[in-house]
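Each of the next two complexes has chain A plus one more chain, namely chain B in the first and chain C in the second.
Entry: the complex of A and B
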């Protein structure tokens, strides 16, 4: 076994332990700054993942094939580390609202990151389950971290119970798969899965695994938890949930659907199309009457899961011939990371002293802080998918992959799905621009005091904005990386 | 190629300047103007350094892939399968043509920037003005350096936007706002054709890169140049030039655009924006076939004549110069149509010098006259404004084509081109226009600088400050000598491979090679000047209307083009817009949107009821979802 594949994972786990132990040695008023230690280490790791010769550029498997290092895993590891860096910045800003144990909060974020890194490399069902539980159980704690807020605890209980339910389905599904085929490894399963295409127990098993992953990405009909949990959780947790946890779900979904059971996936294209379409419509329609910002972002995140499923549909339809859909998913996730982080940063900074996180709390933001107002506007415009921002190009690629599939196969279902996605985009513009309107054109603004921003907040927001514009204006670098990573999914 | 970074710097410094001014220094007039001037002057210095290191004939391209959609390789024009991919580069094309244009835009533009520092001194929005100037310079440099159609189109539109901002700079004046809109919309009409032309080219040939297109044309010239679709593409692309270079029938915006501050008139309407059309035609000359060129030549000739006739009876000092610009642009377009790219670009270059000079000198007169622009309120300014007087005279002589001033050489090369192509009709038009040009130019000259003071302002006029007169003098020097300092060599080597480099003396004597057009050119110019002298030497009012009657009224009213457009196109457009508006308001918004929006809203509210917040319900819905999916997959 070549343990050098696990360099990133080992470093991240060590960082988590260091942050936890540091709690004993660092003065209480300085604990806030431990986040910057984490950021520094993670930035170093991100740099190593790009430049470190022989550390991240060598591909192969470990742990008897249950852990795989390939371009897809590497792409997602970079993604998760970047997400954790931005979340730590946000957590540092948020630290004054967490009564006790801020260093534990940081270390839990880092442990969740470790789970995501393992998820990116999972190549059998055992690793899949362990990594997903590492993420989910950490998140139960992260969601409940504002112990003085009842909504935070309520959200944690809901997440815990529904999460346990979905895990139960998933582990049952894994048991069924193992029981019917005797295989847990994705690659080995792929060789035999064609013999079980009529075996209903096997199909039920795969479906139950999808239920568990569908829960992670909040796709219809497993989306029901998202708004309540997004609303109640501390804002940095919500942001990490929206970006990291969702992406972890997607990397596992990609591996299971297109590496472990590709033939089954092809049969299920119709199911995926339906799920994708309904998820888009559900998220966007429910967001329309929503007034609470974080709840609105919860619904918005459901709709984005639907958009991302477009890429899965395109991949499923092409039967491994074209990986454009996969590349589109990766690109979209990258844009989504920067956009969502920018949006949640603004929510966290503006709603600092307000108990409620209502849209009306943004009133007069353009006078209180033009920078935050512009950031929120750009984030919303990007989420709505308007050029020249990241969200536009991601949506363009996803829709293009689906329409190309329609043109290739001649099935109308693809065109209908593209139409539904476009209708969803139109609906979403209404509520995203409702937020922009609240910022600039609200009549009554209760509070017009200027908002002071720390250096860290400014820096992380500027970073997110740069990312949004970079992906929107200069798509090629990221597109090449995404194409490279998505090649793993083809045959 | 040395200094590869320089062209990128030249292009992006003005953008940086515009951004910095807009974001940080809008409150300080001085800092903002210095940043903007610094950016364009630095661009000029870098251009000179780049040329002195590499010479004019680098023939290089530096490009970065900006975006590719679809397949990596672009489609070969002769293959039968569909269009497979679009690759868009952001690249810079560096050859004699673009380098000369760089010199003109940064050089003449730089002088105009400096001049603006004094001219706009009293304006409260000076910082905003310089931000716009920088944005404009960036856009214009982008057109010049583009190596492909799409990039050029983007900068083409940026020039449209920034000229809109500059023409409408004094937006408090309704006439300025209207003029800005007119310029923008008229340009958009032309640009629509330009875009269609670009799409046609891409659809037929599968590439947008100038170099690639040129080699495709070189390899398949016989089949391609005789194809009807290429004629159409060429004419559509020419539409873009018709808009930007203000050719008939889209010439109406240019004179109104004089509502902008005078430096803007000099920058946009002499040295840069209107030159973009001619430059573009020369850049893509290889894809214009004989039919397209024929149309181009006659449109150019007609515009030249039309504008010269209108200029004879205008009384606003800036409008006269504006119409002369139109007329000279007609010359250049005509020259392109007659296969004379060298002559066209030569005239474009000398014209940039003497027309910028005339505009800036007119601006100096306007400043001295406290913003009075009617020439019949001026008079006898030669003693009060001596530097302006001398420099204006040099500009006027160059414009009229009197040897040895620059305009004489470039105009003569256009005349020679007419005869070489044996197009005697267009030669006649060109000669007539030359006579008219000399006449109206010196009409303006005599009325403004000679005779009696015709108002109080004229009696108290004074010479402008050094910041204004120094750019005048520099431009005057180039307007005088621009005809024989090698300009023609650089263009000649670009367009005609067997071009031999002329020495200084050869350039000086070049017109003698073709004595017929030279003599005719000089003769008509002298006749024009003599007529202007005898009619306007001491005139207090214009005696021409009485003699010419209806013709004079028609000229004065610009042959009623604005009125005709108003009565036909604009009226029709307004009617269609009103109908569409009614459909939109009542049918779409009231009926269809009402139903869709109401339905969407209702379904949103309905779905929201699912989210009860009750955990048991959630768990139930979750399991129901699982059952649903199971049924969907296995139930059939």
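Entry: the complex of A and C
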């Protein structure tokens, strides 16, 4: 066994423990700045993942094949660390609204990150289960962290009950898959899964595992929790939930569907097409009447899960011959990371002294802080998918992969799905521009006092904006990384 | 009467269905949480019986992981329910209604 594959994970867990213990030694008024210690260490790890010779450039497996280091895992690890860095910046800004235990809040973010890193490398069902539970249980606490607000507790209870329900389904599914095939490892399962294509117990097991993963990515019909939890949770938690937890769901979904049971996935292409189409329409239509910004982002994140499923549909249809769909998913997630972090940073800073995050709180933002107003506008335009920003190119790649699959196989279902996705984009423009309108053209601005930004806030928002423009204008570097990572999913 | 794998699996499916039914129809958070634990244990029973009848030990190892994770989940879950009770003086799902459209 080669434990050097786990360097990143060990460092992240050690960082979490240090942040937790630092609570005893750091003066209360300085605890806020522990976030910058976390950011420094994680930035170092991100740099090591690109430059460190022999640490992240060697691929292989550990723990009897339950842990795998490959380009796909590496791509997602970089993604998760970048997400955690931006979330820690946001958490430092948010620290005055968390009454007690800010250093625990930081360390729980870091522990959730450790779960995500393990999820990126999971190569058997035991690792899948443990890593997904590490993420979910940490998030129960993170969601409930504003204990003085009732909505935060309510959101945590809803997430707890539905999360535990989905993990019960997943565990039962794993039991059925293992019972019928005798394999837990994804690679070994792939070699025998074609013999079990008419075994009802096995197929039920795969379906139950998909229920558990569908819950993580908030796809229809497992999306019920998303709006309430997004609204009630502290804003940094919401941002991490939208980016990290969803991406962890997708990396596991990719591995299960295309490495463990590729033949079953091919049979179920129709199911995936339906799921993707309904998720897109549900998310976008329900977002239309929303007045709470975080609830609106919750519905918008459901619709983005639907767009990401387009890539999974394209991969399922191509049966491993083309991995364009997978590359499109990775590219889209990268763009989504920067866009969502920019959006939630603005929401957290604007609603600093308010009880809830109503759209009307954005009124007059262009006078209070032109920088935040421009950031929110760019984030919304990118989420809506308008060129030349990151969101446009990601959606273009996803649609292209689905239409290419339609042209190759001649099935109308792919064209219909592409049509539904385009309709979803058009609907989404309405509510994203509702936010932009509230910033620039609302009359009843009650509070026009300028918003003071700290250096950390300015820096992290500038990073997110740079990411949005970089991915939109110079897509080649990220596209090469995504293509290389997605090759793992082909045959 | 010979007791085989199918009998154990039937019991496990029944336990799972009972747990699911409990989560759907009961309205007290603690009872719902107990039903969820029943569902997890249904999966444990299935794993252990598959393990016994297929002569493989992976499943039993997985059961240890599941028991450990379930314990962590209960610790966090009960703490949350207690925190909610202190704030709202209730443990019923109908009262979780402060977030609407």
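Criterion: the second predicted complex is superposed on the first by the 491 of 491 C-alpha atoms of A that agree within 3 Å, B and C clash if a C-alpha of one lies under 4 Å from a C-alpha of the other, contacts with A are read in each partner's own complex, and residues count from 1 in each chain.
Definition applied: a contact is a pair of C-beta atoms (placed from the backbone, for glycine too) under 8 Å apart; a residue touches a chain by one contact, two chains touch by 3 or more.
None of these values were measured; they are calculated from a predicted model.
Of the two partner chains placed around the shared chain by superposition, chain B and chain C are both touched by A:228. Contacts of A:157 after superposition: both chain B and chain C are touched. In the superposed pair of complexes, A:282 makes contact with chain B only, with no contact to chain C.
Within the superposed three-chain model, A:211 lies in touch with chain B and out of touch with chain C [touch as defined at top]. When the shared chain is aligned, chain C comes close enough to touch A:184, but chain B does not.
In the superposition on chain A, no contact is made by A:7 with either chain B or chain C. In the superposition on chain A, A:165 contacts both chain B and chain C.
When the shared chain is aligned, chain B comes close enough to touch A:268, but chain C does not.
Looking at the shared chain after the overlay, A:476 reaches chain B, while chain C stays out of its contact range. Counting contacts by the rule stated earlier, residues 157-158, 161, 165, 169, 227-228, 289-290 of chain A appear in both its interface with chain B and its interface with chain C. The touching residues of chain B, counted against chain A in their complex, run 65-69, 600-601, 603-605, 607-608, 610-611, 613, 615, 618-619, 621-626, 628-630, 632-634.
On the chain A side of its complex with chain C, the touching residues are 125-126, 129-130, 133, 137, 140-141, 144, 147, 150-151, 153-158, 160-161, 164-165, 167-169, 171-172, 174-176, 178-179, 182, 184, 227-228, 231-232, 289-290, 295.
Residue ranges of chain C in contact with chain A, taken from their complex: 9, 12, 16, 19, 23, 29, 32-33, 36, 39-40, 42-44, 46-47, 50, 54, 56, 58-59, 61-62, 65-66, 69, 72-73, 76-77, 80-81, 83-84, 87-88, 93, 96, 98-99, 101. Chain A contributes residues 157-158, 161-162, 165-166, 169, 200, 203-204, 207-208, 210-211, 215, 220-222, 224-225, 227-228, 268, 271, 274-275, 282, 285-290, 400, 427, 474-476 to its touches with chain B in the complex.
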